[in-house]
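Two complexes, one shared chain (subunit A), two partners (subunit B, subunit C).
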Partner chain A sequence: MKKWFIGIILFLVSVFIWVPLWMLLSGTLMGAGELSWNLAPVLESGDGYATWPIIANYPTLQAYVELLLDTPQFFTVFWNSCKQVFPIILGHIVLGAPAAWAFARFEFRGKKVLYTLYIVLMLMPFQVTMVSSYLVLNKLGFIDNIWAIILPGAASTLPVFIMTSFFLTIPNAVTEAAAVDGASSFQTFLRLGLPLGAPGILSVAVLGFLEYWNAMEAPQAFLKDQTLWPLSLYMANITADNAGVSLIASLITLMPPLLIFLFGQKYLEQGIISSGMKD
Partner chain B sequence: MKKILLRQRKKQWDEHDYKAPWKERIVPWMFLAPSLFVVSVMVLLPLLDAFRRSFFFAVSNQFVGLQNYISVLGNSAFKLAAANTAKFIAVCIPLLLVISLAVALMLTAFQEKRGIFKTSFLVPMAIPVASIVLLWRVIFHRNGLLNGIRALWDAAPVDWIGSAASFGVLVFAYLWKNFGYDMVLWLSGISAINPALYEAAQIDGAGSVKRFVKITLPNLMPTLFTVAVLSLLNSFKVFREAYLIAGSYPDDSIYMLQHLFNNWFSNLDVDKMCAGAVMMALLVFILIMLLQKIMNRGDSV
Partner chain C sequence: MENRFQASGLQIHNVNKWYPGDVHAVIDMNMEIEQGEFIVFVGPSGCGKTTLLRMIAGLEGISSGEVIMDGRIVNRVPPKKRDIAMVFQNYALYPNMKVKDNIAFPLKMRHTGKQETAVRVAEVAEKLELNTMLDRKPGALSGGQRQRVALARSMVREPKLFLMDEPLANLDAKLRVEMRREIITLQRELGVTTIYVTHDQIEAMTMGTRIAVMNGGVLQQFGTPQEIYQHPANLFVAGFIGSPNMNLWNTEFVSDDGRCFLTLGDARIPIGKSSFPVDQLQEPLKAGIRPEHIELVEPDTCGAIQMTISILENTGREIAIFLAASGKPDLAIVTDADFSGQPGQAVYVRLKQEKIHIFNAETGKALR
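And then the complex of A and B:
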């Protein structure tokens, strides 16, 4: 195939990605009046078809003002998301990195069984662990509490798997030299393992952020109290009433993961690749 | 590669001192302890408990053998949901694999310098489903943009969300979000193929189709396994799209196992959920084993 022909096909594929995102952005600049006029056929199920101008006919920041100044609730929800996502990622690193270090750098009885177990757990969809998580969270009194999201999230074994493959790439000579110099195995992990495995830890953080910022299943099941809901659930429930505000809420919701993606794309790619390494 | 590294390390340790004093032998367990504790308490023991409960009635706590399994399997909602989930997996995963492979191959051939296309294709991974779903609703609504465009050709409007067509909408939304992930895996598989193979084939006068069939495809077989497994697992997350586009009780054509589990959960049907979870875990496990078997056969060819 000619190169320009391939370029055209790739361009057409990327149009599918950029057009919806552009629509989202241009939609936020439509005033409430223009938006409800354009969307009336959808929102009020009248006749005719919805329209969406490429650029708003009467651009305004009205909806931004409304969301940022008149909807204090939105900030609470945004903060809820942060309070759930960051502790999970911290948990992945604090619990997962030492475990991955053990799998990657030590030989011990039962290692193979344990590692296989971790892989099997990592492969289970949420629906499998849903009821068992509920039972244990209920027993611990964590239902309707952000720990109901944080603890099962932090117990994910995928980060261990990813970090193990990064720690495996550190040459043995490095840690052996440290041992000769009299460093304890704990010091070796802190001073050599963590810095040398930093790309793996960043990959876990990026993948974890994208996944848990977007998570809906666990909050929906374990948080009945709406004041604890994260953005993903909150969004599901405002869309119908106020299209203007919900468009902006959409845009603000996707900002943090988009920024993390743009700065961490390299780590995201490495993380994806090592999530696909065969054991 | 990981397997080789692990094996090398084991060999080095075997040559090293395996009968180390307990103080040394306990070290890896100290590294493992925090993770092992949380995983056991939050996941492993609860799963075993759920397995036990699947043989009991939740209310009377009376042993009933396979009764829960039989009542789940006989449930008409379960049959519908299982069939839809199977259909979704059967349609979506091959599509996803083929599209992402095609894009990865084109990207490799195009050799772009700044990686703008690659970044574009990965962007949907960063877009929360909740953010994009309002747009899908505006596009696919009965009076939405897609029907508006179709009306230019006088095509009759289709209710994309409220009818059996919603299955197609779901496939589209899923592909949109996930093909970048698979593309990265394919790209890494493609870049691992030894370029000398292509050069040799070119010298032998093999055309581009022949090179693709004889070199690229066979060398991508191991990648195919991992891409297939990871896509299978990600396919369960399509519930987010399904729920956000169409709610708890969508059209029958996209009523999936995930909806069923959620509705059981709302009614606290613990015994049904336990039996369902055990069957789902088994099914995932069997599917992965099956995939591995098929791929291994492909490997040896």
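And then the complex of A and C:
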């Protein structure tokens, strides 16, 4: 009886959460006419509320055709997102993993100060460093260039913080054994640090992907040229008369994070736990 | 496997280790270790034995003094260039690698050819009965098997020096005895100088050709197991080695009518004058005797002391009897397992006077 009751409550909560996603899905199957009819009350400053049938009254794939076949711009934007996000993740691993290894394994002068600085930078919201970042990027000639997104993203400090906490869990004896067995510091990092820290590295990749795939501030601030815009910005600028296309674009934008989440949920959770924060 | 190991001598000269906060972990350590010896560092936890081992391995900096291997000062030589192999207390296997890759790791790091690596891994796996588990990962092995893999990894190379840091501490009692023998046999076969750290005095006595007893960062005595047991250099060594512990009590030297005695509480034990450095016996003294050097005797025996049994500990092979009596220190003795006394019962004991040790109670130093 009790279980049954809890089941109903949970079902209602999940319905509540799933409604927007269902609306997205059913909306993609509505024709332009049906969509504008449904949305008219909110979009054209009419009275009353928008209506949204559970299943499209006149289902059509018209919007899919329009987006996938008649809007090459969408693919450019999708590709822009990929071009920005994947190099950033690569940067997190190539730059961040050795840095994290150094923090976790070596004693050096200024380590504590440097690490504190990393944490402070990590906690700082984008808006705080936006102006100074803009000035630096401008001086370097990177404004209106995808490097303005990639470089600061790749040098982000959060991945270092997360990977450091993973590397710290590797017992000292293991790396000491490697040192006695004749491995150099670099070999130890390569043969033991990377494989044993793999969950941390995957966590960083998953978290990084989700963060930068959805990022709006940096592209908005540093990219004036619309042909460089990633999906997150493009989506925000689709107008109301193009609502059908916008819904499908949303659906497609949602796919990569959803897949990453499905396959990387374990690492995502570990990463969030180890960083002790969630943004 | 033919003996292709090169033995190495090791000297430790005035070695000290300070940790931040003025902790003096190893104090003026001096040792000369011959090639092929099996040396055991033994002492209670915190005595500096592991720190000294780690300094020899190069895993810990040396604050002052010198570690010399084969006539070369190695203070600043990194571990990988010291040509040593080490077995860690928790084995420190590489969890991401299969057993065979764990064993092969030291060879890979030295750019040994693939074929030779395979041959050597097979040899050492055969010797340690690991053939059937070469493709498993350490996580799928039992404690004893992991221990063997750690040994195999240390033996696959041709180290000049084996270092073992309490390698048997995590095994159950039966396995520990088996592995103890295995390590002794292997070491004898290979002839590699070995330093073995333990807090277990049984391991120390059974394994070492020489034992370094340490306490508080100071070397207390360095000698063969027999020397350490029969002629402890001071009170610490006397009390640390041996189970049950050596009986120790405060004593006085009494000379009466040309005969000499040591006091045991209110009793007197006659001793031969000639065997004692009489001129040093005026200081506060402590006497000691091993439990096996006290015998149960008939009441009318000359020098018999009456005491009462307080506790009996039967190990099956022998019985440890703990005795008490008013006006006398408690004594422990060991006797045959067929002893039939009960707690509370009175017995008579006699101390074998030639086996009594005498120490300066202030400095702890042995006088005899």
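Basically, the second predicted complex is superposed on the first by the 260 of 279 C-alpha atoms of A that agree within 3 Å, B and C clash if a C-alpha of one lies under 4 Å from a C-alpha of the other, contacts with A are read in each partner's own complex, and residues count from 1 in each chain.
Going forward, a residue touches a chain if its C-beta (ideal position, glycine included) is under 8 Å from a C-beta of that chain, and two chains touch if they have at least 3 such contacts.
What you see is a predicted model; the values in this text were computed from it and never measured.
Contact with neither subunit B nor subunit C is seen for A:223 once the two complexes are overlaid on the shared chain.
Of the two partner chains placed around the shared chain by superposition, subunit C is the only one that A:192 touches, whereas subunit B remains out of contact.
With both structures placed on the common chain, the touch criterion links A:213 to subunit B but leaves subunit C unconnected. Contacts of A:93 after superposition: neither subunit B nor subunit C is touched.
By the touch criterion stated above, A:248 is placed in contact with neither subunit B nor subunit C.
By the touch criterion defined above, A:179 reaches subunit C but does not reach subunit B. In the superposed pair of complexes, A:155 makes contact with subunit B only, with no contact to subunit C. More residues of subunit A are touched by B (comparison of subunit B with subunit C).
Legend: residue contacts after superposition of the two complexes on their common chain; A:171 is shown touching subunit C, with no touch to subunit B.
Counting contacts as defined above, no subunit A residue meets subunit B in one complex and subunit C in the other. Taken together, the subunit A residues at the contact with subunit C in this complex read 171, 173-174, 176-184, 187, 191-192, 195-196.
Touching subunit B in their complex are the following residues of subunit A: 1, 3, 6-7, 9-11, 13-14, 16-18, 20-21, 23-24, 27, 39, 41-42, 45-52, 91, 94-96, 98-99, 101-102, 104-108, 111, 114, 117-118, 120-121, 123-136, 151-152, 154-155, 157, 160, 165, 168-169, 172, 185-186, 189, 210, 213-214, 216-217, 220-221, 231-233, 235-236, 239, 243, 246-247, 250-251, 253-254, 257-258, 260-262, 265, 268-269, 272-273, 275-279.
Touching subunit A in their complex are the following residues of subunit B: 1-3, 5-6, 9-10, 12-14, 18, 25, 27-32, 34-36, 38-39, 41-47, 49-50, 53, 103, 106-107, 109-110, 117, 119-135, 137-139, 141-145, 147-148, 151, 157, 176, 181, 184-185, 188, 222-223, 225-227, 229-230, 233, 236-237, 239-240, 243-244, 257-258, 261-262, 265, 270, 273-274, 276-277, 280-281, 284-285, 288.
Across the complex, subunit C meets subunit A through its residues 57-59, 78-80, 82, 84-86, 88-90, 92-96, 105-106, 109-110, 153, 157, 163.
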